[in-house]
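See the structures that follow.
Look at the two complexes coming up: chain A is in both, with chain B in one and chain C in the other.
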Partner chain A sequence: MNKQGLLKLLALLFSMGLIAAACGGSDDGDTGATDTTEAEAEEAATDDTVAEAGTEAEGDNDTEIVPSEGERAYGGSIAVGLEAEAVGLRPWEDTCSSPCYNMMITIYDKLIEQTVDGEYEGWLLESIEPSEDFMSWVGVLRPGVTFHNGTELTAQTIADMFIVQQTGAASAGQISSANLADVQATGDLEVTYTLSQANSAFPAFLARAPIGMVFDPALATEDPDGYANAPVGTGPFVVESRDLDNETVVVRNENYWGTDPEGNQLPFLDQISFRPIPDEGTRLDALLSGTVNAFQTLRQGTIRDARAAVEEGADVTLLEFQGNNTGGGHFNVLVPPFDDKRVRNGLVHLNPQDQVIEALGGTGISLPATQWFSPDSPWYSEKVAEAWPKFDFNRGVELITEYVNDPARSDGKAVGEPISFEQSCPPDPTLIAATQVIIEVYEQTGGLIEAEVTNYDQQTHINYALGAENGFVGEHGAHCWRWSSEDDPSVNLNPALAPPTAEIAELAGIPGVVSPLNFANWFDGESFQAAVGATQTDDFAARYALYETIMLRIAEETPIWYSGHTATAIGTDANILGLNGWHLPSGSIGVGFPNAEGRWAEVWLG
Partner chain B sequence: MLKILGQRLLRLLATLFAVTFLSFFMTSLLPGDPAVAILGEAGVQNEELLNQVREDLGLNDPLPVRYVNWLGNAVQGDLGESYINQGQSVSGTIVQRLPVTAQLAFMAIGLAVLFAVPIGVLGAYRQGRWQDSVSSAGVQVALAVPNFITGIFLIWLFAVKLQWLPASNWNRISDKGIVENLRTAILPATALALTQMAIFSRLVRSDMIATLQENYILSARAKGLKDRYVLFRHALRPSSLSLATIVGINFGALLGGTVIIETLFAIPGLGFRLINAISQRDILVIQGITVSVAVGYVLINTIVDLFYTVLDPRIRRS
Partner chain C sequence: MTTTEPTVSLDQPTVVEAPKVQQSGVPREGIKPKRASVLEVWRSMPLTVKFSTVWLILVFGGAIYAKVDTTIFDGALPLQDPNAQTNGFSAATGEFGDGEPLEKPSADHWLGTDAIARDTFSRIVHGGWVSLIVASVAAGFGVIFGGFLGALVGFVRGRTEAVIMSAIDVILAFPALILLLAMVSIFRVRDLLIISLVIGFLSIPAYTRVARATSLAISQREFVLAARAIGTKPGTILRREVIPNVLPVVLSYAMVAAAFVIVVEGSLSFLGLSVQLPTSTWGNMINLARADIKVDVMQAVYPSLALVITVLSLNQVGDWFQKRASHRASAL
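Up next, the complex of A and B:
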């Protein structure tokens, strides 16, 4: 090799090294780490109240929700890296997901909050009591609460909010789901909620942003557009500036009503700067480099990388949460061949859940799902876990073969012809990899299945399943989706089980009860009645039995499939304390940081 | 000169018409409903509300009607309002975002030219020798590595390992001063510059090699002028015509081509806004940004054409 050739070779090696260095560390497959850092940070924290809060399922690496210990300190500012920007900060109008929620919860208070046990307790409401038939609820507001602009919070405020919420893009649907018909001020601080149908889980809706977050209705009516970027709430922080897609700065609300259990006025921090950083790797790097002091992620691959960084010595506390939310997908049961249970059942048996979770980067992080509840949820059922069809290649092939050889097969194809459908996921690299794992199994069935893989962007993916153009039936086939949340089961289940079309509602004898959010278009009278029944009693055992019935029906009919429960995390500098184990006004410990949504009022710098 | 300007203006108008027409119709082909994007999954439970939102946005009108309405307003300077970020005008968004992207593009092109010219000149002057081989190999590397990989590497090295520079986001000059602004701009600008630098240096090298064969260069050398003087005073200027052309083209391309780097570094420029607008089906924002990039592109290339006459008097005389 001459000198010139040698130099070119060296340059080539250098370029390969450059690429390797840039890509390194993100795909090392090291997934065995446990939450050592947070364990160290919280090791001294043993609270009797928390000990009762629930037990972790085997293999579940969730961070234990316990209050941070140490001397509380006022002052300081932090920067938080979020997954995305909030398009607006109006709870009634702007669709708000996890990143947006992190911001909104600093500005607004909710009427109700959830405890670590999944119970609902008052936040701005001191109490809320139902009528015997759950058709109305009377809440009493906390006295002495004012908005950032000094306006006093009264029952009339809540009644006036309802007028705005009825036409709000985000709240109108929630009002309908909650069966909320009217809100009246029946005293200075007493609010009466009247429902159109009984709902024993109504407080769950007051714990959600669209109708649970309290805003100034007069200002919202006067300047709804302006409110999006200059919101006024009663929350612990006040918006100081908002530079869309770059930085939203909130500063301490000096007149905040809330205190911690020791009587310290909240919040502790002077300022929080929220920065949208959409790239997962950059967001983690921003934390590791000190560009931000905290970050959130909803991706198990990022949790894996964050764990690796902690193992390598990064001074980071990782607060992991794996709740009810699960990945997977649904079959459009109004479209052949998914209208046949054998096909749905067969495809679920052909879903290699563990391999799919591995492809998603979730091995050792994400637990395989069998229902809408994670193993540490009070609603979890072992019976359902047993009943859920596991990966069984032979059984899957047997069921699909039975359909394929059925002369009366629903797709109208000739006997022996393969089933064909569209298998669609958003173009996320891990989802593409997971789909590929499933497709490889299909390919081993000896030509029984022809699946066309499509990847549309998130918005198109949702629209496609929604199918607004064809009466909300959609034209999708097998469609990647997410299920469930930490909310009361009724919040997500009822709309997902209601009749998907007017015709089906008519046939079921419940005309007018139609839900576009039944994405699988699967209607099962027994399940729907159970879901409705569960909103008419507050007896846990009775409700548990009803939800178990629904989950068993889903396991039997398989209109949907699961991958693993969604692991989420908030990572912070080790000196950021109080994000774990925050308190409700009653002193109960809060739900923690589900879905990487932090509550920042009790956070201090240690 | 006036004739040239007039021709350019006509070309600009024709280009803008084509760009707006195509982008409007192509955007409308995207599957998905902006009304659904606004309302979210929960909001669409209310079909009446869904229809109301569509009506308010004019989405129920036929596409040609929507285009003509938009064009009529656009020629009066009104590019409409964002569907998603309600109350925010599209022109306001562009005015806010364009300086960020333009600064990045300027810095990237500036850095690229700064390094490309000496590397290109060196390669030409030392053609076939080890200096040429090293610079050629380096240029090959720079060309081969996509800019987002460079970006990831720069973040890892300068933010995570050395902790010299922030990994993301943007400090505005108006808020935090020029130094803090440059601290957030330097990594993305460098990531963008690397490929540009490689292209520019290849161009300078090949043009210089040709120029160095010219008789007037040989006579300058024969007169005993120093090599550096000959290279930079006599050879570089006529060798810069292609460079000026490509700088203009690439600057225009960078205005609309920083999407990946802006997203990677979370920089609130036009590219970052555009990618969000696409995912949200915020059609008027997509349209507005596309038009502004197109205008920028044509204007810059017009300026470059005019600059030729300064660079080479022979063009002016012809």
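Up next, the complex of A and C:
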């Protein structure tokens, strides 16, 4: 071999050596694996930063919501790693999920907030009272609140906001679900909300971004596009710069109206920089390496890794929360074979829930779901948990076989031919793994099921389910999805149960009542009436019974399937305090950090 | 290697074919060119190229073995089912298996198991099939269409060249990966052959340019000029003189291009946009493993190594053949 050849061989071997050396580094990873398993076995209960609070549900590791101790300090800046960028920051227009919410809540105030007990109290509204029949609500605004541009907040502002919200992509549906018909300024600070139907849970809608966050309607009308990246609110921080997909910087609002219970002017921090870091591992590493000071996640696998890092001594506070939000998927019941209950029911029986949760990285973290409420929710029902179809291979095969051998089967195929459909999830590796676990069970049915597994990016995935181009029927089959939140059940259930298309609304005798947010396209008269009924009373027992009826109907008809409740977390440097146990203006402790959505006004550096 | 100039007698009729020169520059009629035996080719290879060749034979041979195992022998050959989850439900026993996700390498699982307890070694071997098909189809497509077009335009020049090269430039302007992403997202294409053909179609411009450059040079060589001078039909010259001399260069380029194509397919797989799951590809194995990279980094390393070494090997072998082809061309 000549000299050049020898050099090439050496280079090849050297490169392989480098790779091998990198592999050698996995020893740490291997140790980490053992540690993680041990940590899971111990359920991290011994770690002070992962305090136990969820006594109602075994395995629920919610961090206890208590105000941070220590002397408050002004100044300092932090960087927060988010799982995605927010395309726009307009509450009425831009659909906002957890990462976007973290940004928006620094810029905008909401009219209503939720307390740690799940009650709704005033934030910008000092009070809100219903009429006896829940057909109208009168709220009184807090005086002396101004927007970042100096404009004063008045009742007329709220009335003008309603004009913009009626056509907003995010708010129009919420207005419909809330039964909101009109908003009038009936005084300088008094606002009257008139509803088309009774809604005892109306304040819950004012605690959500689309119609609850307060913006400058004059500016929004003048330059709606510009508002997306130069938003103006009344919140504790003001947008200083926004470099899309890189960094959004907010700085202290010197004229903020809010104070903490001790009377300290809020906010404490000078500046927060939000940075989208989509890759889960990279985002956690960014926190551990000090690139960012806080991060948020909705993935069990990341929580597992963050817990392991804390176990290994990382100086990080992990605020965990697992609530009503649950993963799984829905069937498009307007499309064969999902229009047949036997198929849906059979497929749910073939869902190995524990193995799916394991594939999602959620063993020991995520609780198996049976309904839209977690075991520590006041709305949770044992009866529903019992009724939900569990993994039962033989029963699943029996039901699918019955459909396959039915000469009148809805998909028009010949008797004995397998059912076929598309099973789709976004291309997240844990979701891909979970889908393959389900598919492997389908494979065991002896050719009864042909499922085509697909993965589309998040936006395409949502668009297929929304189906704006085909009358909201959607282009999906079996589709990964999430449901529910800590909000009042009506906020999520009413739009999910309303007629999905104009034709169905017509047939149901409620023309014009159409909800594009009924993604499963499942319309059940009994459930819809129960959902409507639950908004016409504020009696908890009566409402509980109605929601239990809905959940039992879902368990019977199975338009959806469940994996586990969504575990979420915000991790911060240990010296970041005040994210846990923030306060409402009344002094009540706030809801905490549900769905990894932090409230940053009371945060200070210890 | 000797160079023999084609001899043309002015007395000969103009229909006389030009002498064949593709075999070591020796005319067909006369001394038979000496073909190098496989053993001689092997001996002439540098050690890195030998190593690379062995690797490619192992990877693609393994992939063919795996495919034969599943399609002909229904999994009876000694290689584990790449999709069987060792902790999964078995209809036969009515129970879940006792395997574990992310198992360490053992006698049962040479490279351990992945996040859903499937045998990693078997998945890597099967994953080679997708790479092999994509590389072969795309390269074949590129060599046949790109190679022919390039040889043609380099030889005929003029308007034909202007029109075809303009069309080639248009195809070249497409951002290949984005086009593929759009195609699989919008049209929901998941078929391996179609994905391969599209990648092949997008490869045509590169092959055309390589072939055209070689064809331009060949077309000015003495034996081509001589063939023109004696009145050989252009089609015959193209078929007998130009294409045979362009082909070795295009084929050696195909090996280098195949490496690129494998990386493109790997990128699509990584994004979850290649062949349908649970079919294993190196890209989707890396994607799946990254969720557990802090727990078991090796599950991401194994398929990455397979991809890296295969691409490196294709480049090594391709470079070597390219060098060989250029030696031959200069010796014509």
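The rule is short, and it goes like this: the second predicted complex is superposed on the first by the 549 of 606 C-alpha atoms of A that agree within 3 Å, B and C clash if a C-alpha of one lies under 4 Å from a C-alpha of the other, contacts with A are read in each partner's own complex, and residues count from 1 in each chain.
Assume a residue touches a chain if its C-beta (ideal position, glycine included) is under 8 Å from a C-beta of that chain, and two chains touch if they have at least 3 such contacts.
Quick caveat: nothing in here was measured; it's all calculated off a predicted structure.
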* So, does A:N575 touch the first partner chain B, the second partner chain C, both, or neither? -> neither
* Mind working out whether A:Y456 is in touch with chain B, chain C, both or neither, as first, second, both or neither? => both
* Look at A:S410 in the shared chain and tell me whether it touches chain B only, chain C only, both, or neither; answer first, second, both or neither. => neither
* Between chain B (first) and chain C (second), which, if any, makes contact with A:G281: first, second, both or neither? -> both
* To do: Report for A:Q536: first if it touches chain B alone, second if chain C alone, otherwise both or neither.
  => neither
* To do: Classify the contacts of A:T445 with the two partner chains as first (chain B alone), second (chain C alone), both, or neither.
  => second
* Just chain B (first), just chain C (second), both, or neither: which does A:F393 touch? -> second
* Asked: What part of chain A is shared between its chain B contacts and its chain C contacts?
  -> 4, 8, 12, 15, 19, 22-23, 279, 281, 456-457, 460
* chain C partner contacts - residues on chain A that touch it in the complex -> 1-2, 4-6, 8-9, 12, 15-16, 19, 22-23, 25-26, 29-30, 32-33, 36, 279-281, 301, 304-305, 308, 352, 355, 358-359, 361, 393-394, 427-430, 432-433, 435-437, 439-441, 443-446, 452-457, 460
* Note which residues of chain B are touching chain A in the complex, please. => 30-33, 36-47, 49-50, 53, 84-88, 130, 133-134, 136-138, 140-141, 144-145, 149-150, 152-153, 155-156, 159-160, 163, 166-170, 172, 263-268, 272-273, 276, 278-281
* Contacting residues of chain C [partner chain A, same complex] -> 46-48, 51, 83-85, 87-91, 94, 96, 101-102, 104, 115-116, 185, 188, 190, 271-273, 276-278, 284, 287-298, 301, 304-305, 308-309, 312, 316
* Taking the complex as given, what residues does chain A use to touch chain B? -> 3-4, 7-8, 10-12, 14-15, 18-19, 21-23, 81, 85, 87-88, 93, 95, 167, 169-170, 172-174, 176-177, 210, 224-226, 228, 243-247, 275-279, 281-283, 285-286, 288-292, 456-460, 462-464, 466, 468, 495, 515-517
